[in-house]
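By letter and in written order, the chains are A, B, C and D; residue numbering begins at 1 in each of them.
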Amino acid sequence: MTKLKQLRPQLLALAVVLVLIGLISPGFFSVTVQNGRLYGSLIDVGVRVAPVALLAIGMTLVIATKGIDLSVGAVMAITGAVAATLVADGHSVPVVLAVSLALGLVCGIWNGVLVAFLDIQPIIATLILMVAGRGIAQLITGGVILTFNDPAFSFIGSGAVLGIPMPILIWLAMGLAVGLLVRRSALGLLIEAVGINRRASMLVGVRARFLILATYAISGLCAAMAGMIVTADIHGADANNAGLWLELDAILAVVIGGTSLAGGRFSITASLIGALIIQALNTGILMSGWPPEFNLIVKAVVIVAILTLQSPAVADELSVLRGMLRRKGAKS
Amino acid sequence: MIRARYLPFVATVLIFVVAYALCALQFPNMLSFRVLGNLLTDNAFLGIAAVGMTFVILSGGIDLSMGSVIAFTSVFVAVLVRAGVHPALAFALALAVSTSFGALMGLTIHALKMPAFVVTLAGMFLARGAAFLISTDSVPISHDFLKQLKGIYIQLPDKGKLSFLAILMLLAFAVGVILAHRTRFGANVYALGGSEQSAELMGVPLRKTMIQLYAFSGFMAGLAGLAYTLYTSAGYSLATVGVELDAIAAVVVGGTLLTGGSGLVLGTLFGVLIQGLIQTYIVFDGTLSSWWTKIVIGMLLFAFIVLQRLILLVSERRAAIRASSGG
Amino acid sequence: ADLTVGFSQIGSESGWRAAETTVTQQQAKERGIDLKFADAQQKQENQIKAVRGFIAQGVDAILIAPVVATGWDEVLGEAKEAEIPVILLDRQIDAPDDLYLTAVTSDQVFEGKVAGEWLVKDVGDKACKVVELQGTTGSSPAINRKKGFEEAIAGKSNITIARSQTGDFTRTKGKEVMESFIKAENGGKDICAVYAHNDDMAVGAIQAIKEAGLKPGTDIKVVSIDAVPDIFLAMQAGEANATVELTPNMAGPAFDVLEKFKADGTLPPKWIQTESKLFTQADDPKGVYESKKDLGY
Amino acid sequence: MTHDALLSAQGIDKSFFGVKVLDGVDFSLRGGEIHALLGENGAGKSTLVKILTGAYRRDAGAMWLDGQEVEPRSVAEAQALGIGTVYQEVNLLDNLTVAENLYLGRQPRRMGMIDRRRMRGDAATLLARYGVGADPDETLAHYPVAVRQIIAIARAVDLSGKVLFLDEPTASLDAREVQALFTVLRQLRAQGLGIVIITHFLDQVYQIADRVTVLRNGRMVGSRAIAELPRRDLVAMMLGRELAEATAHRGSGATQPDTPAAFLFEGYGKRGSIAPFDLDIRPGEVVGIAGLLGSGRTETARLMFGIDRPDSGQAAVDGQPVTLHSPQDAIGHGFGMCPEERKTDGIVGDLSVRQNIVLALQASRGWARPIPRREADALAERYIKALDIRPPDPNRPIKFLSGGNQQKAILARWLATDPRLLILDEPTRGIDIGAHAEIINLIEKLREDGMALVVISSEIEELVAFSTRVIVLSDRHHVRELRGAEITAEAIVEAMAVPGDAA
């Protein structure tokens, strides 16, 4: 889809982060097969990134329309709570999946309506659900961690197919599905057009409101999936903490992926790599054995470094430099 | 007739007055100077931070680092005072640090052409991390100087007080209003919010303004941190998580557009008061569970925003009709 | 009696906290107390606002579960001036003790110590590498429970804390951090025990241990604090070894002393310490689970 | 080169993405002269202006002001040197008031505080010079391009101590305002200011300029006194070839076809915007719309295209009543519209030229039926060639094209949808004379092919050239309809002056 060349800065950053972690904790790259499934820190990164990766997929589209979705963490909590309740009540997995996804969709549509039809600014529109949503989730669980014991549903979180853990498969599949949906149809182009210049787009007959609504709906759907994975992972719904502050990580992933917060051009693949960078960093910090007081500082410093190298200003300087070197090389 | 650009502000004030009246009808106790004084004192640090946030948002940017900077400042001051530094000196140092931190973020945003959202998000991690490094424990402080400061207040009827913090916040708003509307710096901030590119082509010094702007917001965050330190007589690295979101909500409820370039500093004061009112109402009610508290805050926020949009829509219609029948 | 009592609760960040709220409400109802509840969403400033609101309303007493130890002097001074007695729940504060009637709390350092002492006894002289799942960085239970545990193992050179990271008191993070500990410590074979600052993280860690192909409770011992119902299920299954109870019933004793104080001015002691009881697999986990499961955890 | 000129530049180079846009350009401006900078679309005029005024960095070259070598690194620095500029895209701030726009960065102050009262008063005085009655306290967003253009000029003139650059200042002004501007420019010239003006109207060049410099493909072709340069030679200098003067006053040979009206508007109007009007348009005719600024031409177009909702009247297509409540509705009935404000309403800046060209077609097909890449490439190639869009690179983001070429790309966007009714609001604004002729030819050709066109233009000669009918607007009323032989420049001008209520 997106050309490899355009992904170069993100891939480079990921490689650098991985190498650094490898230096700090040598066992990081060892992947073995254990109990018939892949096992290792690298695999953990792939599994643990699932929620942020899923959120980043939806967030990419929302940000491309010049929006932002702060409610995804709360939507995760809501769908997780509902899924856990249904599972605990003995409903079958397809029913649980259908209801939870539908709920995510409804949450997304709610945001979309506020933004697209009531013209409420995206941050505030989604802040409403961010605040109230966690309350709704707690209302459903009664404030406790709702646990269940249902291997079929837990499979989503800790199962594996052909040795590959389910969460990895889910985010890859979703990334592929949404990526194909927007790039094989005209959705991608139209979303970008709306994000760059909504007025001009509406004047050529692009149904901007509908498109914006759709992106929030997809974001809600992604959040629902993330919520179910987290719930299945711990065999319970923790309405208080599920997805807490994850919206910030998702936004960060999108930005590291190079999609501008001012809307417009986007790349889902790049956002997914951005999510991987963040998660690799998190896992790396855990592996390092440093005291937790350092976690935030390390994270901040690495992210600033990555973004600095990716920033348009530095990229310009670098390309000028590269040009000069090339010219020199040609001369000599 | 009210000019269109003042309408959001007028709508906010109107909503606040009506909401307060409704609350007072239900709980007559709420209509006391004591509650009014509390409303100002309890939200002082948020209000001060929101002044800085208003400028940043007016310029089309955002500052997510505020909550962390407030916590950092409080820990920094507390640890210095514990080590024997005079509070006044500690305050000055803290403000110098927070202001430079803001300036550095402004410089980064400009020089690296990175979005403010991301730079200040990194700043948020950084400031919180720095607070952890100084002390994870909460550090109490007590010093006569602080007691003297807190001893400054204006007595209101029926045990109400206009406390030092409330006065500080009102001063911060006064400075904010003057800065925004009566100085070139303010005009440049509005210009940036309109369009950075156009502002540049009209000769607005982008770099300087950007640095000043985030330095100002850092200063206000620092000042809010001092207010918070006075408020709780302590420094705590886990304090004020997510305050930046409260500040953003206050700014937007106060009628400022997040896209920048339009809004009034004074509107933010009412945005802060509306949030305080919601919380006071919930405390007076006293029957809401933890979750219903969240849901009700969300619903009230929703109601305010929708009401504001409705008032705007209706008055725009009116204006259009008046214009046509007049012309 | 027709007392009106304001209760400023921290929030609803964990199952234990929810249980405390439920128990408090039950206790109030049994005694015919009109309870005004205010949730502070984890923020001290909201708690102060709530206390001020209670004072403005003129309640008869105020219960506070303080989010942090510092910063209470001023508002408690206001309460005192308004002659409203204040009782602290589950956490002490840094303030002159004439500002409140009493504090009903456990001793968090002691909790950590009880957990540590259990481990010391259980491993005897064998070498034991412990990994620690801390609570939220900077929170007082995290700091105190770490301290108590370290005190308990201080003299024992055979017990070392190999790794210590924050799991934010949540299951998800507890599981994630434990996964990385296992990988960092030779597939978990080097780890002899995990000490979690709360049961939720322990439950997450148990899952991580199982998924790594090890037996929690046997290959890696699990000791934690809080005694929420779910840990007893794990104990019953042999997957957890010990937990230290933190009772959610802080309000019961608080209301007792309050009623006495209101009746004849009896001043209670300044600290009413709740019991930090140790539960192991030998303590009828199933029975405890049944008795706890309806308490609103 | 002598550096005794007021402003001079030597050997200016500039490349974007490795493409040389300016190549060793020399330029010199004397005090007390009005100097026209001419060239085709994309020749590099705006880029040169941006470099000389500190908005862009040059790759090579040097510049002198008053014999001193200078190096303005920002517009602010250039302003401090006494250089005032109006850039091609009116760069003012919609969210600020008129007075704030005029005095941004140089507000009158008293005791460190901005003196708002004085600023307001000064603004009113300043605008009065240009005959604009804009309220200094109203936000700029309230005013149409033309008014903003004048405000931008007033601002630049006011802050230019030595040199004034005007990049296509007259593009959206009507004759009366152009004359008001020229009067001011002559006064400034008399005061010794050096003025550089860019325009595509050669009449205006001959009217006001003392000297011209011509750029072609980023190189300087020459610099001459206007007195010794006949029009024909000037055009040849610009284009590098002779141009048959296509826009000569010839009147459209075509008369109204007697096919039935395919598009019918009856009593169509919106309060506060445009009085109810009747309009019928047949396939194969061009309805020209004339009027002074603010007479309601754009409003008429917006209403017809469904951007605004009418509050009276009805519309019919092919005899069937239709509702036109959104652009989608209108497009569904085969309408297309090129808006007048290219930057905000037209281009989608970050998208490529190809994507901009296919956008309208894609929107009408719906998101589920993407235009295959091959088809998009073919469309882009066809229109880039047909309209001579330069550079002919379909992958370049459209924001990097020169203004005139952006305009052509937007035209291409609608042609790609093969509309039945095409509404063009100021289609030749900012277009060089070569392309101007091409667009007029294109309009004729489309008409001959049976398309119905509604063309709004401030250039009366142009309307006379291609219209089969001309509607004249005044004060938001349709006051006059001219047909066939009635269509003359004089008749249009006369009708424009009629007060609206007289209709």
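One rule holds in what follows: a residue touches a chain if its C-beta (ideal position, glycine included) is under 8 Å from a C-beta of that chain, and two chains touch if they have at least 3 such contacts.
Composition by chain, UniProt nomenclature: A = ABC transporter permease; B = Sugar ABC transporter permease YjfF; D = ATP-binding cassette domain-containing protein.
No experiment lies behind these values; they were computed from the predicted model shown.
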B-D or A-B, whichever has more C-beta pairs in contact: A-B
On a C-alpha centroid basis, what's the spacing between chain B and chain D, in Å? 43
How many angstrom between the C-alpha centroids of chain B and chain A (ABC transporter permease)? 30
Suppose each chain is reduced to the average of its Cα coordinates; what separation in Å results between chain C and chain D? 71
For chain A (ABC transporter permease) paired with chain C, centre-to-centre distance based on mean C-alpha positions, whole Å: 33
So chain D residues touching two or more other chains come to none
At least two other chains touched by the same residue of chain A (ABC transporter permease): list those residues. 138, 143, 293, 295
Touching two or more other chains, which residues of chain C qualify? 12, 18, 21, 137
Dump the list of chain pairs that touch, please. A-B, A-C, A-D, B-C, B-D
Of all residues in chain B, those that touch chain D in their complex: 3-5, 178, 181-184, 187-188, 190-191, 193-195, 197-206, 260-262, 320-321, 323-325, 327
Interface residues, chain A (ABC transporter permease) side, partner chain B - complex: 70, 118-121, 123-125, 127-129, 131-139, 143, 248, 251-252, 255, 260-262, 293-301, 303-304, 307-308, 311-314
Interfacial residue positions of chain C with respect to chain A (ABC transporter permease) in the complex: 12-15, 17-19, 21, 134, 137, 163-166, 168-172, 175-177, 179-181, 183-184, 200, 203-204, 207, 211-213, 230, 296-297
Footprint of chain B on chain C - complex, ascending: 6, 9, 11-12, 18, 21, 35-39, 41-46, 48-50, 52-54, 56-58, 68-71, 73-74, 94, 136-140, 143
Which residues of chain D touch chain B in their complex? 55, 74-76, 78-79, 85, 87, 91-96, 100-101, 104-105, 107, 109, 112-114, 116, 137-139, 155, 271-273
